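Each chain carries a letter (A, B, C, D, E and F) given by its place in the written order, and its residues are counted from 1.
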Amino acid sequence: MGERFTKGLATIKQYITEEEATRVVDSDTLADIAPDLRKMIIEFAYGDVYSRPGLEAKSRALVVITAVVTQGAEPQTKTHIKRGLHAGLTPTEIVEALLQLVPYIGFPRVQNALTMAQQVFQEKQLKVK
Amino acid sequence: MGERFTKGLATIKQYITEEEATRVVDSDTLADIAPDLRKMIIEFAYGDVYSRPGLEAKSRALVVITAVVTQGAEPQTKTHIKRGLHAGLTPTEIVEALLQLVPYIGFPRVQNALTMAQQVFQEKQLKVK
Amino acid sequence: MGERFTKGLATIKQYITEEEATRVVDSDTLADIAPDLRKMIIEFAYGDVYSRPGLEAKSRALVVITAVVTQGAEPQTKTHIKRGLHAGLTPTEIVEALLQLVPYIGFPRVQNALTMAQQVFQEKQLKVK
Amino acid sequence: MGERFTKGLATIKQYITEEEATRVVDSDTLADIAPDLRKMIIEFAYGDVYSRPGLEAKSRALVVITAVVTQGAEPQTKTHIKRGLHAGLTPTEIVEALLQLVPYIGFPRVQNALTMAQQVFQEKQLKVK
Amino acid sequence: MGERFTKGLATIKQYITEEEATRVVDSDTLADIAPDLRKMIIEFAYGDVYSRPGLEAKSRALVVITAVVTQGAEPQTKTHIKRGLHAGLTPTEIVEALLQLVPYIGFPRVQNALTMAQQVFQEKQLKVK
Amino acid sequence: MGERFTKGLATIKQYITEEEATRVVDSDTLADIAPDLRKMIIEFAYGDVYSRPGLEAKSRALVVITAVVTQGAEPQTKTHIKRGLHAGLTPTEIVEALLQLVPYIGFPRVQNALTMAQQVFQEKQLKVK
């Protein structure tokens, strides 16, 4: 484990639980065909990018949620809503960010994203105030 | 001017200067073919959506910048970077948000958006620290 | 229920059955996290936009089907094919609109949309002539 | 000139003037690198697809305008607005179709498309009623 | 079966097995609503385009895989990974092409595509070296 | 200049001339606002990704051209067509790859890309055979 991987792993812990971080290190579902993908995500996305100063963790999470919702990347929408909650976004802030997207990307993608947010909030027994 | 238009106009002033707000009311470049577009933007986007509680103005601006960059909507990228600055985002926060997008949308759209951010910062004589 | 909601509800009945309209009023699957989304859809999408004069209902439906197919927004493709049928589009017109998209968006999204159209036509026992 | 090319050329005349049709046959700006592109557009897009029965010409034009606007394909937006006018769409119908897109694709792409529509209407001295 | 269909069928056999080719001719899941879609795919996509000289079959497959992954067109991603393997791409080349996309389209769509590639390789008992 | 930067710089020379490589090191148009972007492109895109074994340089270039054309990322289309030529793609292979995209992404983006390819070929006095 090089320096960038260590830094990435330290950074990702702002966005996921200790238990999930252990799973990131110990198991990799794509290990048989693309073991370097996980490495790139930890080293580049978390080690090089998320770890940068100048923008707080929950704002970074907000930016990433917005990007995956705008692209319509569905499994990632759920993943990054969870990471945003862990980084300190409230359920209300997430819902408001999704509604803020309506005038810019239209109802369809926002509606799909709210359905995924609802599933995450139910799993975690969180309420929007 | 109904209640929603008034509310929208009050809200948009968090994102643009008084002078620009006057222009929004007095002139409308699409007035000859679609006078209702400006009305929809003020009433719906600003009056109904941006004005909602639960997410601060600079976070709303961050979400909108991210959406238009992810879509590759170029004139809007420049417009919303300006509005984000007015709402309190620093040039550094905007640059960091754009770099945060690299692992999620790739270099091409981020590079185009940074070029537009640079133009805005030069016009406004702002520096990234 | 304000004036825009009433107008939206009257307009949406050109696109859905009475029974579905009742469901729109009485139940809202996202009510616990984003009760205002339904309100925005009824008031803004149907009350302000679909209700405008100058383009007939079935042409509006055709435009919306095309937009969601081009975006690849899947649940909405099925929803808006149903609404288009209710607004007076024939199954043949819907299939022709989808085939017309092949030279502009390519086969993949058209093929996925035709599969969804087929499911809707089977549920409603409709035939393409 | 085979049968499909002849059919395509007859069909495209529903969407462009005689003068433009002559230009399509006599000059081809991409002839030096991809002479077959024009052939594919005439034979496949117009000969095979636009010429199909079951959906009238102006509805086909509406579908194509919507697709290119949703994609953000700018030169094509202007081209297909012109073709739509030639096929019988009124300026009002085109503007209404673009406004109908706001709730589905958001303001940015609609605003860009309306600006292009405005340019076309000015060139042709057409008014929206 | 006209000349273009015959040529398309001959060409598609570079990308699918004899057994699949038979299925393409004998059964068509969209035959009841859009029998011409299959015809267009065979005649236009395979007969006119894939059959062109100047780029080898496995490079054409690489281009098509990249396009459908970049669009996020999921069922087509799996289909075209299979066709690429049949045209001579190795599992390693496919994985490398997907990883090459990370800096240009971001991790989310690449991750989804690698999951689909993994399923195809497992079905076909192929290993990445 | 760390190891990844050195590796990236060695790799990018497969895609650009010595003169351009010097410019990459000595000047950076975004240096005042985002000096790390160039670093990320050299270190991550070229040092980590393009440099991987398992897929030859000209196939990597083909994948990247396809991705930026499918996204409609215009300045990058021209850049990567140039890099593809430098990596060994012939003008014919590039044109064929673009035509191969027609059935998957439609005519509009292919037509725009061919226009940019034509400009590059003219600048470099290259002919398509």
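We adopt the following convention: contacts are C-beta pairs under 8 Å (C-beta built on N, C-alpha and C of every residue); 3 or more make two chains touch, one makes a residue touch a chain.
Quick caveat: nothing in here was measured; it's all calculated off a predicted structure.
Shared contacts of subunit A and subunit B, meaning chains that touch the two of them, come down to C, D, E, F.
Averaging Cα atoms per chain gives one point for each, and the point farthest from that of subunit A is the centre of D.
A count of C-beta contacts for the chain pairs D-E and B-F puts B-F on top.
Centroid distances built from C-alpha atoms place C farthest away from subunit F.
Shared numbers divided by all numbers used gives the overlap of an interface; between subunit D and subunit F this overlap falls below half, so the copies present different residues.
Separation between the centroids of subunit C and subunit E, computed from CA atoms only, is 31 Å.
The distance from the centre of subunit E to the centre of subunit F, each centre being the mean of the chain's C-alpha atoms, comes to 24 Å. In subunit C, the residues touching two or more other chains are 36, 40-41, 44-45, 49, 52, 67-68, 71-72, 95, 99, 101-108. Listed in rising order, the residues of subunit B touching subunit C in the complex are 36, 40, 44, 48-49, 52. On the side of subunit B, the complex with subunit E involves touching residues 101-108.
On the side of subunit F, the complex with subunit B involves touching residues 29-30, 32-34, 36-37, 40-41, 45, 67-68, 71-73, 75-76.
Interface residues of subunit E, counted against subunit F in their complex, comprise 41, 44-45, 49-50, 52, 54-55, 59-60, 62-64, 66-68, 70-71, 92-93, 95-97, 99-105.
The touching residues of subunit E, when paired with subunit A in their complex, are 72, 91, 95, 98-99, 102, 106-112, 114-115, 117-118, 121, 127-128.
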